[in-house]
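You will see chain A twice below: alongside chain B first, and alongside chain C after that.
And then the complex of A and B:
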C-alpha cells in the first residue's frame, strides 16, 4: 500500500474524552440517582453446591421500605449467550457460593441490603466440585443434570450430557498420531491456574424501568447493548423495538461487562414493582463473588519436532474452567481451540478443548478471550523444548513462526493480508530487550537478571454476521455528529472513530463530534464492543458512511457550483473543483440544503450512513474444527526482563517490551497506552491475581484487602512499545484490531524470565515468591 | 454500604467520650470507638460487624497531638499514619507504617486504629515495642499509663480507649531497620514484618505476621545477640522459641513463613552489624 499524506490517521491526537475524565466530570451509571428510583440487592447463596429446600422471606419483608422480593420460581428458565444453562436467580439448585437466590427491591439501598441479609434459605448440601481437574473425573458429582436439554443459542457448542463438560471442541488437522511417531524429540507439559477477577475500577450496575406502554428502558455498564436487547427478547419475550438500552462511558470493562447478568435481574426486580425504575449496583465484593469472572485453566501440551527442529505435531488438551455456568467460557473454549498452536506452523494438530463446569463463580470473556491462557502454555512449552534441544529459544521460535502460505489449526489459509509479520516482531523485540542468548547475569548486589520472551497471536472470533453501523449527521455549521454504538470503555474507541471520519472527510478532528454514550434507539446496530473488533467493524462502517456523505456533498455541491459531481472534491470543510480548488463552496452552506439567491432550497441535511459486516466467516466443523472463524490474525512479540532475589524469592520487573503488528496504527499514543495497559494487566494476573477457594468452594479473597493486584509503582521500570505496520487491506486505512493484544504474552514472558532466573520450570500462576520457592526448593 | 442503622457521636473531650460510651452501653447497645474507620467500615459493609453506636475520637484534642514534650514524643491515637510518616519524628515508626496499606488508606488509618486492629498484624506496634513506649488509656475512672508490652499483650477493658502513645526521645533516632515481606505486591499484609533497633549495643526486634499476634521476645533477642553462635544456629534456635505456632494461611504457608523469617534475620543482622 502506498504511503499517502494523512491528515490525522497516524497522529497522536488527544483523546476526545481526556478533559472530561481528567477533571472528574464524567458521570458514571453509579453516580446517577433519580428521585423515586428504587434499589435492588441480591441475596446470595451461602453454599457452593446445594439443592434449595425452601426460601423464607418473612423476616426480610419486615424491613421498612421493602417493596418486593423476587425468587427463582418467578422466572425458572435458563438463559445464556451460547448455551442457555443459567436461571437468572437460582432455581431448585445453587451452583456457586455468591449466586443470586433472591432479589429485594426497597426504597433505599441500605434497606434492600438489610433485607437481603434476612433471607433464610434451607439447603440440602451436595458434594462440591472444587477444581477443573476434579470436574473432569468420571465419577465427579454432576453439576447440571439437565445438560442435554439446554437450548443452544449459537452453533459450535457441544455439551456432553452426564458429565461436567459444557462443550467439547475438537481440532483434527493432518495426521497427529503418525506424525508424533516420527518426531525426533518431543515434550509434554502441564499448566494450570485458577479463576480470577476483572477488577475494573467501576463495579457493574444496571437500571431498568418498564413504561406503562411496555417499553423496557435499560441503563447498563455493558459492552453489549444489543445483546441485552436480544436476551430480553429471546428469553423474556419483549419485542426488540420495545427494549431501549443506554450505555454511558464505562470505568473499565476488560470483557467482564460483555456478559449479561444484571439486566435480567433488574428487569425482574422492576417487573415486581409495577415497572418502577430500579437500580441494581454491585458493591466490590459482589462484583468479585457474584458477577462473572475470568476463566481458570488447565492445559497439557505435547510438541514434537523433526531433525531440523521444525515442529511436526502438536497435541493440546485444554480444560477451560467455566465455573457454575458456561456463559462466554463456551466461546472461549472454541477460541482457544482454533488458535491452539500459537503463531507456529504445525502441520499435524490434535486439540481437545473442554468447557468445564465447577462449583465456582462462573466465568465470562476476559481481555484476550482464551489467548493469554493458551499462550502461557504454548510459550512455556516452546522455551522448555528449546532448552531440551539446546537451541536459542528465539531462534527456535523464528524457525517455526507462522507466515503467509501456512494454515491455522482450523485450516484457514494465511495470506500476506490476513496475518501480520510474526518474525519481524520477534526480531525487533529481541533487539529491544538486548537478548543475550537466554543468559542470566548477576548484579553487584547479588541479584539475578534474566529475560523471557513470548510470541502471540489472536483472531477475533466474532459471530459470522457481526457488524457495525455508523451515521454521520451534518450540523448547520458544517461540523459532523458521528453516531455509532461502540462503547467507550477507556480504550479510546471514540477518538479512533473520529480520526477515521476526519481522515476520510478531510476535515479537522475538532469538527467531528462523536456521541459518547450509546442509545440503541438512535445508534445503528453494532455486534458488541469486544474482541478487538471495533476499529475494524465500526471503523469500516464510518468509512462507508463518510463515502456516502461525500457522494451527497458532491451532488448538492454540483448544484451550487453548477458543474458535474465528477469534477468535485471534498476537503477542508469545502466542496471544490478538483482542477481549480479555489472555486468551491463551504460545506456549512450546503449541508442543510443549498439555498438559491431567491430563497428556493434544494437538498437537505447530509446524513451519511454506512455498515460493515464480517465477510465470508464460517462456523467450525464439529469433528475437525475445519472452518474460517476469524477475519485476520494480529501477531506480536513480548519480552520481559526481571531481577530476582535468590535469598527471599522476590523479583522486580525491570522492562516490559511489546512489539506488535497492528497494521496501520491510527493513533500511536492511544495504541501505545493500550499495549502498556495490556501488559500491566497481564503481569498483574501473572504475578499475583487469583481467587483462592477453601474446601467448600468459597472464595477466600473477595475484596481488595486480600485480592492482590499489581499496584501503581510496581509496574515495569521501563515500558517499551513499538509497532510493525503491515497493512491489512480490509481494515480502515490498513488497521487491524489491537485492543486485547498487549495482555496476551505477558504471563508467558514473565514465567519464561523467572524460569530462566531460577533454573526451575514454572508452569503455574500466579508467580508469587512462595510458588517459586515451592517449585524450586520443595519440588526438588 | 453499611446497611444497619447506628448512632454516631463525636465527643470533644476524653470525659465526654467515656460518658457517652457508658450511657450508650447501659442501654444495652453495642458500642465501638472509631478513629480512621477503615476497619469498622469495611467490616460493616461485609457483614462481619454490626454495632449500635459509634464514638468518633477524632474530635478529642489529646488524640490529635503530635509533638515532642520534654523527653518524650507524644503521639495522639487519632494521628493518621501519613501525618506520622511526614513528620518523621520517629524514623523507625515512619519506615514501618509506610508499608501499611496504600497512601490513600494511610490518609485515613490512624496509629491508634492500627494498634487496636482486629486483623492481628498491627505493624505500628513493632517500633513502639522496641522503643520502650508507653500508652495512655482512658477508662471510666482514670487515665493511666501502661507500658507498651502490657498493652500489646492484653485487651482493653470495655469502654476504655487509647488516647496517646509516648516514646522516650532518647530512643527515637537509634540505629534501626524495618523489613517486611508480603505475598506479592508491596501493598499487602505481612508474611513476616519486623522492626528492630540497636539499644546499648544490643539488637531489639519485634515481629508481626509470623504468629497470630505481634510480639517482642527477650528470649529471641538474647539468641540474636549471642555472638557465640553462627547466623544459621541463631535462626534455627530463634525459630524454636517463637511464642506460638507459625501462621499458615492464604498469604503464605508455614514453611515459607519460616524460610522468610530466617532470611529476614540474616538480612537484619547484616544491616545492623555495622551499627552495633
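And then the complex of A and C:
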C-alpha cells in the first residue's frame, strides 16, 4: 500500500506519548523497581547557618538494615555548574536549613529514614542572613568566606570576595547618566518576592551503580544528562566515557531538574557500599527544602521618557536571591541582565544584576530563567509610568516596543529574523481582552472587574557552543528510528521532533519512532533540555540528519533505478524519478542495502546524522555586557481579566490571554498546551506561591497543604491562546523556541489588573488577599 | 484475608482489578507502597505522601481514595481499582482526545477520580466537578483540558442514556 505523505508541520498531531501516559504504563524513574536495590536517605541540617562541630552516627548505625553512612568529609570539595561553591554534603559549615549533612544507605527506605533521624549533629550557630536585602548590606554576615578561591566553571561569573555577591553582571549601553538628566518624566519603583518552588509532581530521584570495571551507571530525573557526565568527570575524576546516564520520561521539571544535586549524592552513596545499586528519591518535603528551588528577587527600576513619551533611559538593579549556593542563579543573574529592558527600545541602559547568597535553600533555573521575574518589575513600571504620563498603557507600550533595527541591552542587533513582532502580539491581545483603556467596571453584585496586560521577550541563553545531535536509523521495513538526547519533560518535544523528521523526509509521522528515554551511551550529545532550545537545536539537527539520509537514499536509489542521483526525489517512503514519479523504488527495499537479483548487495543501512550548534554567540564583556548572548528573541503579549471582591479582597481570574510570536508553530496543539500551562504556572506562582521563612531561616510551608499551588477551580475561567508566526530563517521550518514563554508575563499582567482594580500599586508577590489588604490599608 | 502473620510481616490477600493477590506487608506499609512494590502496579504515583495532591488515587469499592494515606492492611476486604484496569474506560480516551496530558504524572490519579465522578454524578455541574477535582494537583496543564475531558464524557453518557431510554420506549 502506498502511504500518501501529508504535511505534518503546522498540524495538531496527537502526542506520541499520550496513550501510554493515560494507561499508567510509562515508567518514570520511581517506577523502575529492582529487587536488591539499596535505598539512600539524606539527614539534613536543622540550622540555616552554623559551623558543624561534630556528627555522631553511632545511634544511626544501630538501625537494622543500615549499610553505610556518608558525611561531608568523604568529599569535602565544592562543586557547581557555574561557580564551584557547594560541597555535595555539607562540610565544615551548613548554609541552609535542609542541607544534606549525611547520607544513609539501607536495605529499605524506611530503615534509611529511621537512621537519618538518629544522626546527631552539634552546631555552633552563626548569624542567619534571612533576606536578599540583608545579604546586600555592607555589614551582613558572610556566608562564603572562601568566595575568592572558588573555581569558575564558566567565564561569565564575577564573585565579589568579602561580600555575599556570588556574581555581579553589568550592562552599560549608551550614556545613561547624561540621558537620565534630559528625561522629561521619570519613575523609580522597587519590587520583591521570596523564593518559591518548582513543585513538579514527580519528586527528584537518582540511582547510581558503579561497575567493577569502573563504569558509573546513573539513572536520573534530569533535564541535563550530559551535564551529569561532565560534573562526574570534572569533580569526581571519572572518565567521561565511563559515565552512562539514563533519563526516562520526567513527571514535570520546570527548570528544577536542570541542576545536578542528587546524582553526586547517589554516587557517594553507591561508592560507600562497594558500588551497589543505590537509589535516592526525595520525599516532597525534601524536594521543597533540600533540592534547589526558584529564585527570590528584588528589583529597582528607573525609567525616563522624553517629551513624546519615548523611553530614553533605563536603570535596573536586580538582587537575584540564590540562597546558600549560586548554582544556576549565577546564570540567571546574567540572563536577567542581558534582557533587562523587556521588549522595549531604550538607547541608554545601565544594569547591575547581583547574584546574592542568603541562608535559604539554593535556587536554580526555573521556567523562564530570570524573565518572569524581570518582566514583573518592567511591566509594573510601564503601567505606573503610563499612569503618571496619563497615557493608555497599551499605547505607551506600542510607542516603545522593540523592533528589527533596534538593539538589545547587550547591543545585539535585531533583525526581521531574530525577533518576533512584539507590536502585532500586543494589538491582538488588546482585541482579545476587549481593552477599554484601563477602565474598571463594577458588576451587579458589587465586584470590580479590571484588566491588565504585559509584553514579554526572552532569548535562549545557552552556552555559546550549545548543540544537539540527531541520528536517523532506517529499519528493515523502511521506518525510521530517531535517536536524540532531548528529554521528554511533558512539553511534547519528542512529538515535535518526529514531525520535523517526517516533514523533511516526506514520510508518514507514524513511521518515525523516537527514542523516548535518553541513554547517553547511544544518543548523540545534546547540551540540555532547557532554555526553550530543543525545537531549535535538536529540530535543526533532525533536519540535517534527514538531509543526510536523503542524500544516501538517492545514492543507493540511483544504483537501483539506474539513473543519476540528481534525477531523484525522496517522498512517500519511496525514491523516485522527479520527472516520472511512478518510476521508483520503496525505501524499505534499499534502506538496508540494495540487493541485485543474483543476491549481490550494495550499500547498507541508511544512517542519517546531523548536528546543530549555536552560531556566532559570544560571551558578554565584563564591564559593559557587550556581546551576542542568544540566537533569537521570541516575544509575546499577555492579558488578564480579574474580578475582585472589595469586601474580602479575594479575586477570580476570568480570562488569561497569550499571544505569542515564536516563529512557525510546528504543532498548534502542543504549543497551545505550553502556553496555557505556562500562564497557569505563572498565575499560580503570582497569586499564591512563596516560601515563608521564620526568623531562623526555616521554611514554614514545605508541603502541598501549606504551600498553595493553584487548584482545580481556581484556574482562569477562560484561556485564550493565539500565535503570530513571524518565521525565523535559522529555525526548523521557521520556528523559534516557545517552551518557557507562557509563564513570563503572567505575574505582571495579574499584578497590573489587580493594581487597577484596587487602585493600589501592587509591587510584591504573591498577590494573596492578605498582601493586597496590607498594601492598600497599611500602605506596605 | 490474613493468611499468615509473623512478628514483622503479614501475608494478606488483596483484591486488585478483579484479581486476588497474596502480598507480604509490614503493618506500616501503605496501600500505595504495596501496590507498587509488591504487585508492580506503578500507575499510582507517590508525589506528596500527605494526601494533598491525589497522584496516588485509586478506587476503593468504587470511591476515589488516597492510597498514600491508606494502609495496605486496611484494604483487605475491599475491591481496589487502579489505572492499569482502565485501558478501555471512556474517561481515559477523553484525556487523550482533549490534550489533558503533558508530563502524565498526575494523569492516573486524575483519571480514576474523574471516572468515579462521572459514575457517581452523571449530571455533575461545574461546582460538583470542581469540588471533586480540587483534591488532585496538576502542574502542567492549567486544568482546562481536564475539565473538557470530564465534560465530554458526561455529555456522551447523557446522550447514551437518552438513546437507551428512547429504545426502551
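List of remarks:
Keep in mind that, in the parts below, the second predicted complex is superposed on the first by the 773 of 780 C-alpha atoms of A that agree within 3 Å, B and C clash if a C-alpha of one lies under 4 Å from a C-alpha of the other, contacts with A are read in each partner's own complex, and residues count from 1 in each chain.
By definition in this document, a contact is a pair of C-beta atoms (placed from the backbone, for glycine too) under 8 Å apart; a residue touches a chain by one contact, two chains touch by 3 or more.
Keep in mind that this is a model prediction, so the values were computed, not measured.
Once chain A of one complex is fitted onto chain A of the other, the partner contacts of A:663 are absent, as it touches neither chain B nor chain C.
By the document's definition of touching, of the two partners only chain C reaches A:31; chain B does not. By the document's definition of touching, of the two partners only chain B reaches A:774; chain C does not. When the two complexes are overlaid on their common chain A, residue A:705 makes contact with chain B and with chain C alike. When the shared chain is aligned, chain B comes close enough to touch A:692, but chain C does not.
Of the two partner chains, chain C is the only one that A:677 touches; chain B does not reach it.
Judged by the touch definition given at the top, the superposed model places A:713 against both chain B and chain C.
In the superposed pair of complexes, A:727 makes contact with neither chain B nor chain C.
When the two complexes are overlaid on their common chain A, residue A:21 makes contact with chain C while staying clear of chain B.
The partner of chain A that touches more of its residues, comparing chain B with chain C, is C.
Shared interface residues of chain A (contacting chain B in one complex, chain C in the other): 110, 283, 703, 705, 709, 711, 713. The touching residues of chain A, counted against chain B in their complex, run 109-111, 113-114, 117, 283, 285, 647-648, 650, 687-688, 692, 700-701, 703, 705-706, 708-711, 713-714, 766, 768-770, 773-774, 777-778. Chain B makes touch with chain A in their complex at residues 1-4, 42, 45-47, 102, 181, 183-189, 250, 252-253, 255-256, 259-260, 263-264, 266-267. Within the complex formed with chain A, the residues of chain C that make contact are 28, 36-37, 40-50, 52-53, 55, 82-84, 86-87, 92-93, 95-96, 99, 101-108, 111, 129-131, 133-134, 136-147.
By the touch criterion stated above, chain A contacts chain C in their complex at residues 14-15, 17-19, 21-28, 30-31, 33, 110, 199-203, 249-254, 283-284, 489-492, 669, 672-673, 676-677, 679-681, 703-705, 709, 711-713, 715-716, 719.
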